[in-house]
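Both complexes shown next keep chain A, but they swap its partner, so chain B is in the first and chain C is in the second.
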Partner chain A sequence: MFKRKRKLQNYTHLAVAFHLPAFLTLTVITLGPLLYTLKISFYDYKISSSGSEDVFVGLKNYINMFHDMEFVNSMAKTFLFMLCAVVLEVILGVVLAMALNSITRFRKLFTSLTLIPMMVAPLIIGLMFSFFLNPQFGLYVWLVDTLHLPLPTVLTDSPVLAMIVVILMDVWEWSPYLGLVFLAGLQSISGEYYEAAKVDGASSAQIFQYVTLPLMKPVLVVGILLRAMETFKEFDKPFILTGGGPGNATEVIDIFTYRQAFVSFNFSYAAAICVVLFIILQLCGMMYQKFVMGGEEE
Partner chain B sequence: MKKRTLFITAALLTVCMAGTCGCGASRSEADPAASSEPAADSGAKRFAGTTIYMIAEQQTPTEALKKQLDNFTEETGIIVDLEMAPYDNVIQKETLAFESKSGAYDIIAAPYQFLGNLVENNYIQPLDKFMEDDSLNIIEAYDESDIIKGLWDASGEWQGTIYGVPSNSCIGMMAYRKDLFENEEEKAAFKEAYGYDLTVPTDWDTYYDVAEFFTREKGEMLAGEELKNNFYGVSMSGKRHDATTCEWLNYAWSFGGGVFDEEGNIAINSPESVAALEYFCNLTKFAPEGIASKTWDEQTTEMQQGIAAMTILFNDCYAALEAEDSSVIAGKTGYGLVPKKEADAAHYGGWGFYIPTDSGNPEAAWVFMQWFNTPEVQKNISLDGGFPNLSSCYEDPDLSGIPYWEASKKAYEISTTRPRIAQWPKMDEILMLELSNAITGEETPQQALDNAAQKFTEELGDQLPIDYQ
Partner chain C sequence: MKKNKKRKLIGIYLFLIIFLILALLPYFWLVLTSFKTRVDAFAIPPKVFFKATLSNYREAFLDKGFLMNLKNSIIIMLATVGIGLGLGLPSAYAFSRFKTGKDSLLLNYLLGTRFTPVVVLALPLYLLMSKVHLLDSFVGIVIAHIAFNLPFVIWMMKGFFDAIPKEIDEAARVDGYSWFKVFLRIDVPLAKSGLAATAVFCAINSWNEFLMALILTGRHTATMPVGIPGLLTPQGTIWGQIAAVGTIITIPVLIFAVLVQKHMIAGMTMGAVK
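Moving on to the complex of A and B:
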């Protein structure tokens, strides 16, 4: 017994020793840039201004942020994008999960097929949609013309339509992912609940409302939080399709930050925005952990 | 079981981390030659064995340069590690290299509007000391006086000091469908409709009339053939992108406006600039739909597909219009200057090669710059679709047959440059947004340019009037 305990202790030391290089490397490459970002957010570092990296300005960049209408607009656009995209993705995800759960034949095939959009790189999706929607050569225009659909043929010139397209791109990419997550949730619900509900004479709608939804709540919350965090970081697809335009209609916060850093070279301001975004995402992450870990503890 | 999983995971992770550390070889580890001392040999092989690292935009002239790098190595023994990336990535990588003081590059390519920024931050070094050192001027075919002065001044000179040499040079010009302008039916129809002969536009009124005349719907006739798709008078950029700023500046300068006036005061909302933007916005109704997502890439494609009659575009896109395998208008296109109102306008959009201050091999980098500006290298780049920096190349009979050659030569003579001050990147960003707002009708041209002027003033503050651009 004593020998076994000692052996285990040796393994623990060995495991710690093995983990240490990874832990240290990850700490340095994660914390290093983070602390540097935090530091320069308190300076006036603009690449267009020589010596500005040494000018300490305290909270000026953070205060400026809330007076900057472009930042406020960009945050508003980001929340709008997040809200619409996540709501649509959750609804479609639930529908997809229930559809996949109800079929018995070829379920694996259909499940695999639904994975296709999320296997495509976001950059490629942006390009695909830009070809698809091209007003001169795109398939979309051809469909609208051929089927005489009462739809506009140019979608990226109007601020409202451009935002809708950006949201739909994300929904197209990520609804299948939520569908699979929810499918796993659905399959973990014991059949006994449904049988009991049926015995009690519950209708399909009642079963969905009082059995399926409550039991899927933890999975739904996790899915919503994960997608909310991801949509908050949206960059590639709108950057490729609209470049944040027309005007700043689809300029989500990551595009705005990118422009501040790499187009205007206002590094400190971009760093301050990154710090604020980090805090927001950290809060989302904590909520996520609370649901995931909290659920396990219960 | 749990212990075993932990153990295996830890072991795998450690192996992976060790692998990652191994892969991240530094510049000197990756190439022992980079840190080697120059050979004692003199002459062209003086730096044999040295590796220089450079970054440039991935485009036709850079590809053409890459094909010739072996010749440079053969001549000098210097190895060139050329990294190519799209525009945004090049700027991003260079910014990070400067900011982290990594010394990652010995030569960088950058658009000339960044010159003031690069100099004022001490990111790049003056070339004077290399130019004056005869022991470094080892490329025989290099003749400094052959470099076109206007290009060199724009891309390399800052307040009397030379910091770089022109790398690739492009200039704003007009391309038009020569076959349509020469078609008798179209000529007659135009005369009947507008009361004067159909000619290649040299003024903006004619440009507008011609754009309107050629804009036709699917099913109508064009040059005796029924159109299967809509046809447009012009192809334009309108995305919130540098392409739109670059195109519109041709119009602004030609109308007598611009970013600054002669005294260095802001002129972006002068009556002339506003008139230029009003004209630009009006003209978009003769351009293919979806203007808000168009850049020079889409303009090139639209011309290649033969759906537009005219465009104003940088001439480094014109080789694509003459590519027989991808362009239906190859051989059918004419080239001319940007129409004129108050002043000549031809937007010079070139790039320069610069040596970063933290370069480990600045002398070898200077040798490369000499070799790059020799007639053979420049000629080969031109044959592949680029444009030379040397006067002698414009007289080369092998190049004069290129369809856009003569018009390009004239355009370079009247070229205009955008501001090169350190604040330009931010100002350009502001202008992109305001132009986009005007083009999509979110703001009137006057409102958009007033907003731009106000933001420019905030950005420049007490530095106005700008005394050096």
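Moving on to the complex of A and C:
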């Protein structure tokens, strides 16, 4: 009876009052600027102008994108980076999660230490890799030399190797995170499923394939989608390690957009790219909401 | 059978130890380098034992002015956390207590902001701020950091408020408390461990952030990450000092990260994984 009454109470006024500060602020500082981006993407914007001289150019900035080989290149590089990084991170993450799940001693210590890479500023991770790979005094060169490993010593001069390093940096930073996300998923699987599978005589490979993987699907989807969106926004690590180079071998889309806007001052063109990026990520975001939040908000 | 199992367990521990060594080695090396003289830093084979020096720290923070970058980083971080929590807490509370038909729409709006790439927001903020002379000001960069942290505060705190039983509010209401008083005097103090975790997350986000700060700050407001590329000069990279600044950026993060690790995963998946 009491519960029913509470449900009937109208909270609209209170809700408005409590939400207003945050949503008013967000509208002014994010929605407003985003609409401004949309506007200037249709203009030929000059930063020195007072605004009245900007020429309306319609879809020109958008059409230019498709003729711009550098843009196409950086999009391709971004997808390549995303695909490789996410696949490696998911595989390593699953392995790490299963390893952490099967130990009891020191699990807490291992988990705490696993958190470290993802908390370090991405910029610093880029720097640490520069240190590590430095041809003059880097630990890596020394390791290759002393152990006579059949590996190249200078990595950031070759387009392919530089890309591999950029991917590995991300894998280094984020596999532990996926490991912990997946561990949370593993721990929510009831032990009864395993008991039942064992009674039925399933091998451990079969248990993994038919019990663990299907039950982990929700966390796997969360992890993959989140990482896919984050890798799409990669900037700091390659910016500091390779600067997008050699040439534009590791120029992912955020570095390309940054260059267009703040090095070449093509603000309108950069704005058009921003609109495209925004749409792509919102589509991914919708997918994320559908998979993850769907049904939760009832 | 038992022996087999033991062997397997040893293999797992071995894997984890190797994984962790790989995960922590670059960081360990950065810290070591920050205490090395120029000669030791370039020594082949690399030196693990050497005479430690603080000269890199002295040169970077006193001579190169990174003390100012440190101060800027702290100011921007504190302002972001303070304002972010001030604006976000009431909203998070409303999502938890005053449910309306528009809630899912508002939550999606927040999530949309969270999925926006930094560069997409940085571009218009730069252009608009150059018009109102907010470039190279604390106001400008704090606005940018709040834009990304506010949705995060609301999402995370909503979960913590949800965990507080509603019966407590009812009791306080019967005692004649206004809703605002219930929120401020009862539920916020009850959510304080979640509040601390949220504050730490925001602080780390702001402290580590590079791209916005690179674009919106200038000579007077540059944060520590923004100062680092300045040490990568064409005349040569001053690795020792970079390592010193890198160490100072990272140590507080590690300390705080250990304090809030319980809430870590929930925070980083926007509550999708508890």
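As a convention for this text, the second predicted complex is superposed on the first by the 272 of 298 C-alpha atoms of A that agree within 3 Å, B and C clash if a C-alpha of one lies under 4 Å from a C-alpha of the other, contacts with A are read in each partner's own complex, and residues count from 1 in each chain.
In this section, contacts are C-beta pairs under 8 Å (C-beta built on N, C-alpha and C of every residue); 3 or more make two chains touch, one makes a residue touch a chain.
Note that the structure is predicted; figures quoted are calculated from it, not measured.
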Once the structures are superposed on A, label A:Thr257 by its partner contacts, choosing first (chain B), second (chain C), both or neither.
second
Quick one: is A:Ala15 in contact with chain B, with chain C, with both, or with neither? Answer first, second, both or neither.
both
Touch test for A:Lys233: chain B only (first), chain C only (second), both, or neither?
second
Check the residue A:Phe267 against both partner chains and state whether it touches chain B (first), chain C (second), both, or neither.
both
Quick check for you: in the superposed arrangement, does A:Thr25 touch first (chain B), second (chain C), both or neither?
both
For A:Phe137, using the defined touch cut-off, is the partner it touches chain B, chain C, both, or neither? Pick first, second, both or neither.
both
Chain A contact check, chain B vs chain C, more residues touched by chain C
Between chain B (first) and chain C (second), which, if any, makes contact with A:Val154: first, second, both or neither?
first
Could you give the residue numbers on chain A that contact chain B in one complex and chain C in the other?
11, 14-15, 18-19, 21-22, 25, 47, 134, 136-137, 262, 267
Under the stated contact criterion, what part of chain A meets chain B in this complex?
8, 11, 14-15, 18-19, 21-22, 25, 47-50, 130, 133-137, 153-154, 156-159, 162, 241-248, 259, 262-267
Of chain B, residues touching chain A in the complex:
3, 6-7, 10-11, 13-14, 16-18, 20-21, 88, 91-92, 95, 98-99, 117, 120-122, 229-230, 239-241, 288-293, 302, 305, 307, 422-423, 425-426, 428-429, 433, 436-437, 439-440, 442
Chain A partner contacts - residues on chain C that touch it in the complex
9, 12-13, 15-16, 19-20, 22-27, 29-30, 33, 41-46, 86-88, 90-91, 93-94, 97-100, 103-104, 106-121, 123-128, 130, 143-144, 146-147, 150-151, 154, 170, 179, 183, 204, 207-208, 210-211, 215, 225, 228-229, 232, 239, 242-243, 246, 249-250, 253-254, 257-258, 261, 264-265, 268-269, 272-274
Chain A residues within the chain C interface of the complex
6, 11-12, 14-15, 17-19, 21-23, 25-26, 29-30, 33-34, 36-37, 40, 45, 47, 95-96, 99-100, 102-103, 110-125, 127-129, 131-132, 134, 136-137, 139, 142, 146, 172, 176-177, 180-181, 184-185, 219, 222, 226, 229, 232-233, 235-236, 239-240, 254, 257-258, 261-262, 267, 270-271, 274, 277-278, 281-282, 284-285, 288-289, 292-293, 297
